[in-house]
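The first chain written gets the first letter, and so on, giving A, B, C and D; residue counts start at 1 in each chain.
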């Protein structure tokens, strides 16, 4: 593979990312899936980078899930989104930073729609006014949370205690980067590096010392697909998608997977358990599976945050083997203890997948 | 002695392997006139080779001189020795070497005659040998563009056979040269030799050479094509008793294979590109138990070889048996074929797969039926099941049976008395494999002619020149030659100065062959067209949809039409020509239909 | 299956055909005996004219397509529907000897039960 | 070249302006041509000979401006010289579609993904590096319609000659690398020219080239450095993937960069495919709305070499009759 070729393409897909004063819109599901991630994001921006980021409790869902399940009309979505924008304006911010990829996709789509069809924007303003007596101004800059981390990846690397390097061998870790479908598929120019070879995560991996794995099913969806997962009978498709990816990346023997989407890490993580239990197949070494992380978690690890503070105990695939590779110390005792040593209970142990 | 023993063993083997029915048939036949007719046939065919005479007199003469000449020579020789020394029995060698053993023979009854006869016969045979020798190197001289390619064993036998008679001549001449006797040839030739050759010393070696070549010939005979000499006679007996090759390999089949003389007459008849799959080599393959797939499969089964074979070997039957051996039969099944509800019609019309590819035929047949007011049912209107013949031709009899049973039910349930098909391929299997009891199975040409006789349709002779191509399956396959031509003659003028009837060519489209490439097929078709269209008719008429399609592809100027299409056209475009009734009256008197 | 009960669903098999894992032995044999096998332009006239296809879902074009892609499973079941009538050979615009291919397939598949 | 040669024959003075440092354009990069596998040189050399010492040739000279002064066109070149002419023949030809634009095929990223032009260079021995081991075994894929009939690539038109080029190269590849199977991934095979269908059939029957109807959606590298492509075999109705040792992209035609500049300088019209638009597609294929400005060759859309040469001869006559009427 000729990396220069990729750099050429990356150059073609550079996007404007605001460097301070962000209005943060949380994800509906991430806080339950990987509770540590958004907290880590805020901590990194505030404490490490000293940025002004507003975490607004009043904002609601962007309706992305309902939208992608075809249960609400686009107008409703746009109106709800308009309200978020007005909250942002009200809080005195202009740089909108959603934590969720699907939200990012929704916002991008809506802004594009308004750009090309001003009459729709006008209609939405009217609807918003009718329903909430609110007005809004469009964000000056829209960037996904991962864009922000990407923007400051080198600062993070500089402050970092650890690098994505195998302490035992000294070789860079082989990292699979998985981009959420709604990040740049629809609007390649709105994503760092475009749609075919997104650079947003690859950039982080590079500057944190890891080695990006380019495998055939790189572009494939994790299988969340909303209805595919939400309707139980359809989960077979969902799992099959992840499996397709694992089969494809396995020959490259990756050490870890990094994602920038709410659903992906969850499914790439949980489906490894399901596939193992259903079919007795495990990926990664010693039947332990391939650990999956959000970019915030990895950033946190690089900066030397405590794994359990990052919520890594909520992962299905054990993270300890990777922590060992990274040479990051952790206290097994504390894995299932909350602040003040309160025991939070241990999960049921899987039959096939090896966990510590 | 050796050869006699060998034959006896073989004969007993055959008898044992025979099915009970065959045995009975043979026994019943043995004590009947059939035996006599067999003897007659042996005389006319095995000795005189009448059939070959018909093909080419010179070729016939060659075979006759050798077979008949030698036969008479032996007999005469025997009488000669008897006359010389009356006895109940002389060992065969006695008469053979008579002239040597009794070289100093004094006078005996009819000496002169015998000496003359023996010499004459020898000369007669020698002329045959000469021709045979000549044929090897210029077969066209004897009306054969190609002659059989021989293997080692055959060559040994051949050469020994060729040597026998010249050597005999030399030997006898030598003897008579010494003893100053012998006939007009041996005597004078002997004396001539004596003038410049030390006959005393070479006489004995010559007789040895003669007897050795005789020996070689008789010992190589069972392994060579000359095995046909004895076996053919046995075959003729059993054939006269009504035995024949059926769906599996029986004693009679074995006789047939061994009675092939590899005369090569069939080679010229074969339209296939030069290959080992041709009849004579295929039969040899069978006899040596080594027919390779290509040898078995690569044949259009037009039946021209079977038709011409002087021995009457049923090559197609033997080939089908060979195919069924290698075919993985019985694995196909057609559960999707669903029985239709019975219809009440007098006539069933079965177009067949091939006809469906030229709808013109269907339209015409239906048109004729309607104009004749026939109460018919178009059985495979929406594409019925295949008749099963193609599978049979591939040797897959069990699979074919499945289709046959299905169609059979349909036909019998329909309650019709007549089954008309426009495809000779279907017709063949309907007649031979369907056992349709009381139901008349006709080709549309036959049925339409019948309609004309019943005055149900009106057609008029017009000034249109036609060439008619007899399809293999209809002609040689089912011996339906007369009706199509008669029907055509009622609507036009059929010129037949090209291979027709039993000698008709194959169109090249045959379903029996799976090996031929399209290019090879086209070559065959072009060649056939060239011959058939020799006097440039207005239409090329045929009665087989496959022939039609095959010819139509390559016949650029002259349109190829099915007989039904021509008749239907004629009916539609019929002018009110006078004297039509008269014409019909005249033909009715002479009609044998 | 017990696991299915446990999860309430089962993982779907991958619908994508992997040509790297195709079995081309049959294709090789056919091509050796009948080079015209690759001449197919998938016009479908064979299937359109097919006597069997008018009764059932037998599709000779797809059957050959699968052989060319090394997908040989269930071929015999399909092939067993063919009546060998030969219409396809007459119709084929590329002059492919379909009947030879059919009998070759028939022999090959019959000999090796794995396809049956 | 052909046009200028003909015009000289007809007794006119012709100046041939060529952007590149050599004559021959794309054909000069080609190794051999369809349908008769004739070496490109055999076409080019006669054309060159025909103009030698007859036509004034100005190599590596861009056109900086064209003005019309009392009925004559004054063309100033980057080299500084001026040319006064009564007529201008635009024969800017075409550029090859930049395969990098089809990011999903990874041209310029995966070494084993090359274009038809690269392959021709390899065949003609112009670029030294070896593609595959001659004695190796494996699979080669040829992707048709790269940048043609593709709205995503901004080109809705068919580039016409790629299909047969693909077939030609498929056979050549089988000849070069007997151990490698060749797969052609096509949407439609447009064998428009004489003998093209024969080539297609020969490729199938003699060379065993496999044709798969379906556009490749994406290419990516496997762990053993093969290229895995995804596609649907639309004739089997199944999504499929296959890993290939070499992928050749049949890049289509796009209007030459130089043409765009001339469009401005001469204010010429172009069709929605961005190729020059003649006055009439049937009767005035070589005429522009501008007096004395003519068109020939691939600047009015994808053409085969034979077609371009024929057009050159046609336009030569058009121009001469135009000039004669002017006198």
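Throughout what follows, contacts are C-beta pairs under 8 Å (C-beta built on N, C-alpha and C of every residue); 3 or more make two chains touch, one makes a residue touch a chain.
Owing to the predicted nature of the structure, the values given are computational and were not obtained by experimental measurement.
A.B. asks: Listed by label, which chains are in contact with chain A and with chain B?
C.D. replies: Of all the chains present, those in contact with both chain A and chain B are C.
A.B. asks: Decide which interface, A-C or C-D, involves more C-beta pairs in contact, and give its chain pair.
C.D. replies: Between the two chain pairs, C-D has more contacting C-beta pairs.
A.B. asks: Using CA atoms only, can you tell me which chain is the most central one in this structure?
C.D. replies: When every chain is reduced to its C-alpha mean, the one closest to the whole-protein mean is C.
A.B. asks: Could you tell me the distance, in whole angstrom, between the mean C-alpha positions of chain B and chain C?
C.D. replies: One centre to the other, that is 40 Å.
A.B. asks: Between chain A and chain C, what distance separates the C-alpha centroids? Give it in angstrom.
C.D. replies: 46
A.B. asks: With chain centres taken as the means of their Cα atoms, state the distance from chain B to chain D in Å.
C.D. replies: The computed centroid separation for chain B versus chain D comes out at 65 Å.
A.B. asks: Where in chain B do residues touch two or more of the other chains?
C.D. replies: Answer for chain B, listing residues that touch two or more other chains: there are none.
A.B. asks: Please list all residues of chain D that touch 2 or more other chains.
C.D. replies: In chain D, the residues touching two or more other chains are 241.
A.B. asks: Which residue numbers or ranges of chain C touch two or more of the other chains?
C.D. replies: Residue numbers touching two or more other chains: 16, 36.
A.B. asks: Which of the chains are touching one another, listed as pairs?
C.D. replies: Applying the touch criterion to every chain pair yields A-C, A-D, B-C, C-D.
A.B. asks: Please output the residues of chain A touching chain C within their complex, sorted ascending.
C.D. replies: 232-237, 239-240, 243-244, 247, 274-275, 277-279
A.B. asks: In the complex, go through chain B and note every residue touching chain C.
C.D. replies: For this pair, the touching residues of chain B are 297, 326, 328, 331-334, 336-338, 353-354, 356-357, 382-386, 390-391, 394, 396, 399, 403, 509, 511, 514-519, 546, 549.
A.B. asks: Any idea which chain A residues touch chain D in the complex?
C.D. replies: By the definition above, chain A touches chain D via 1-2, 4-6, 8-9, 194-197, 214-219, 251-252.
A.B. asks: Where on chain C does chain A make contact in their complex?
C.D. replies: 3-4, 6-14, 16
A.B. asks: So in the complex, which bits of chain D are touching chain A?
C.D. replies: 100, 103-104, 106-111, 218, 220-224, 228, 241
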